[in-house]
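Alright, structures below, take your time with them.
One chain, subunit A, links the two complexes that follow: it is found with subunit B in the first and with subunit C in the second.
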Partner chain A sequence: MSEQARSRADLLLPIADDELIVGWRNSEWTGIAPFLEEDVAFSSIAQNEIGHARVLYELVAEELGTDPDALAFDRAPAESRCAPLVQLQLVPDWGRTIARHYLYETADAVRLEALKASGDAAVAGLAAKIDREEGYHRMHAEMWVDRLAESDEGRERLEAAVDELWPYAVAMLEPELRPALAERIGRDLPSDKLLRVLERGVALPELEELYDEMTMVRRLAPAGRW
Partner chain B sequence: MPVWEVFRRERPGQPFEHAGSFPAPDATFAEVYARDLYARRNESQALWIVPRDAVVEIEDFPEETDRSYRRVDGYSLKVRLREARERAGSLPG
Partner chain C sequence: MVTTEQAWAAVAEVADPEIPVVSLVEMGVIRDVQVDGGRVHIELVPTFLGCPALDAMRRELAAKVAELGAKADIELILDDSWSTDRITPAGREKLREAGFAPPVPRSEGETTLVQLSSGVFRCPYCGSTDTRLENIFGPTPCRSLRYCNGCRQPFEQFKTL
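Coming up: the complex of A and B.
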């Protein structure tokens, strides 16, 4: 494994894992979103995230001499590099879902901004491509935040959810990127002690359940070709 | 929830055609949903999204007296041509 391959895997696997799992979690709203048009829109966002995971896995797989499916589905939950924020199963709470969506997309924007400045042209190019689609996700997240904040109940539930999920969102980013997120969201950084239990590499029990479901068909037919 | 009418253009230079309608709480939601419902697969090059309330609709066109004489659609040339050909004995095929 070359030095660059190792660093690409280190750099991109956590992001690919985040995108795969948040895409999967968002897709849990397919069929039960608040109304039909939102169902289409949120499902489409879920699909985009999984598409981003695929291109990121491809870039890593090329370097590691494996394939994207193996990276996505053959690693145990404990090996996943995804952040606890994306692991949370939030259906049927739309308020918490929008809070995560908003925090995730904003943190992702900070992360993509840094990747676009990467010296690795393939990484920078891919980040720019992904960011063009993410711009639309941010627009979707922000319009929902504004909408929910228009009623007392909506605002209270949304604020409670953002309070709850804020440390998770901070823990999702590399320490040097955290102040930029705090500035965008307008909140103070949580204490290191609070962040320690939410760092990447912590697998919540609900991630196990998700992996069982997500990899079910692949495990049934390991050599299956589709 | 207000209803939004969507018009789409497939290629530059072509006219916008009515594509459909959907409900959305405001113009921002309408824009996001229109992208997903009518342009997600690159089937549109441009969209117009119009609140249904803004559309002036007319559907009553009274024609109390017979004004068919004013129409310029004329008469069927096909029939006349056929009759003329029969007379001349030069029906094609």
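Coming up: the complex of A and C.
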């Protein structure tokens, strides 16, 4: 589909949903990461991702005539456009957490590169801004990939987790962007059959649990202002 | 009738909510101020999009403009036009005096881990460049944590953006 034919909602809602949910997942390490530096790092990354979700929801809300909180919290899990990759609840497995972090941030970089070239100036400008911040997330992820590779156990657990999550990461991107991700990660693309069950629109049971928790206050006091 | 000069002067009084030693103007987050009758239009560019201080900035800007008897109309600019390079020389000096190492200039291309690990970062307390990266992330989105081997003091380094 040509970009002109796509609404901002169609283009940006999947990304906003990914950023909100991955931000939430990252925040699950707050207070229980392996050491204090990582409590700080994952909390800060979560704050950035949720900040990105918020401005993306604002752009979409403007088009749809709604508000960003309604988009974030009032849609049922089945309506979420987030990718299964971000839905996975990975605490307390640090190896799988770092594998997702690395794959998500790399896939997000591929997606942002494409958005920066958008003909919609507001979208291109915002993507450039987001990408500057994401550069720090990528550095953090790459630092951890290198660090885990320093021991046999770390390398084995990380590789097993990347093997497991690689199809999820590919399915997160639109088909035309997938080869660029395969090149950056240095892996072959999985079969279409494997990818089909991991596409957006699939809501895993753990997303339902996350939504229950994430929207609890909103549901208790729907008109509450904070 | 409010003049543009008066409006800028009022805006310049607003301190950064997280680091009150510097003003929003010194942080470079005020891109433009225009007066149109009784309305003052302010272009505010966030540092990081998830910055929790944004709402406080908007509130304080609106309050300062209200003191002039005008109404603030604050536009949040969501593009890549803010960079840490926009922090003014005076702002950088005030940050340093308050114990925050100012950001190094934005270079061509993306900041890399190698730059963060081996670049020259000066301790704001003793001036030593014998410092090391402790954590890419810090207490707020805009800062990293470093440690000075010279004076054995941890310090906060502004991220280059």
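In this section, the second predicted complex is superposed on the first by the 220 of 226 C-alpha atoms of A that agree within 3 Å, B and C clash if a C-alpha of one lies under 4 Å from a C-alpha of the other, contacts with A are read in each partner's own complex, and residues count from 1 in each chain.
The working rule: contacts are C-beta pairs under 8 Å (C-beta built on N, C-alpha and C of every residue); 3 or more make two chains touch, one makes a residue touch a chain.
The structure displayed is predicted, hence computed values, not measured ones.
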Fit-or-clash call for subunit B and subunit C when the two complexes are aligned on subunit A: clash
If you stack the two complexes on chain A, which partner ends up touching A:135: first (subunit B), second (subunit C), both, or neither? second
For A:11, select first, second, both or neither according to whether it touches subunit B, subunit C, the two together, or no partner. neither
Using the superposition on chain A described above, determine whether A:35 touches subunit B (first), subunit C (second), both, or neither. first
Pick one for A:50: touches subunit B only (first), subunit C only (second), both, or neither. second
Quick check on the superposed pair: does A:147 touch subunit B, subunit C, both, or neither? Answer first, second, both or neither. first
Touching A:126, do we find subunit B (first), subunit C (second), both, or neither? second
Between subunit B (first) and subunit C (second), which, if any, makes contact with A:162: first, second, both or neither? neither
Subunit A residues touched - subunit C or subunit B, whichever exceeds: C
Once the two structures are superposed, pull the subunit A residues common to the subunit B and subunit C interfaces. 37, 40-41, 44, 136, 139-140, 143
Under the stated contact criterion, what part of subunit A meets subunit C in this complex? 37, 40-41, 43-45, 47-52, 54-55, 58-59, 122, 125-126, 128-130, 132-133, 135-136, 139-140, 142-143
Spell out the part of subunit C that touches subunit A in their complex, as residue ranges. 48-52, 78-82, 110-113, 116, 134-141, 145, 159, 161
Okay, in this complex, where on subunit A does subunit B touch? 35-38, 40-41, 44, 136, 139-140, 143, 146-147
Seen from subunit B, its contact residues with subunit A in the complex are 22-26, 28-29, 32-33, 35-37, 40
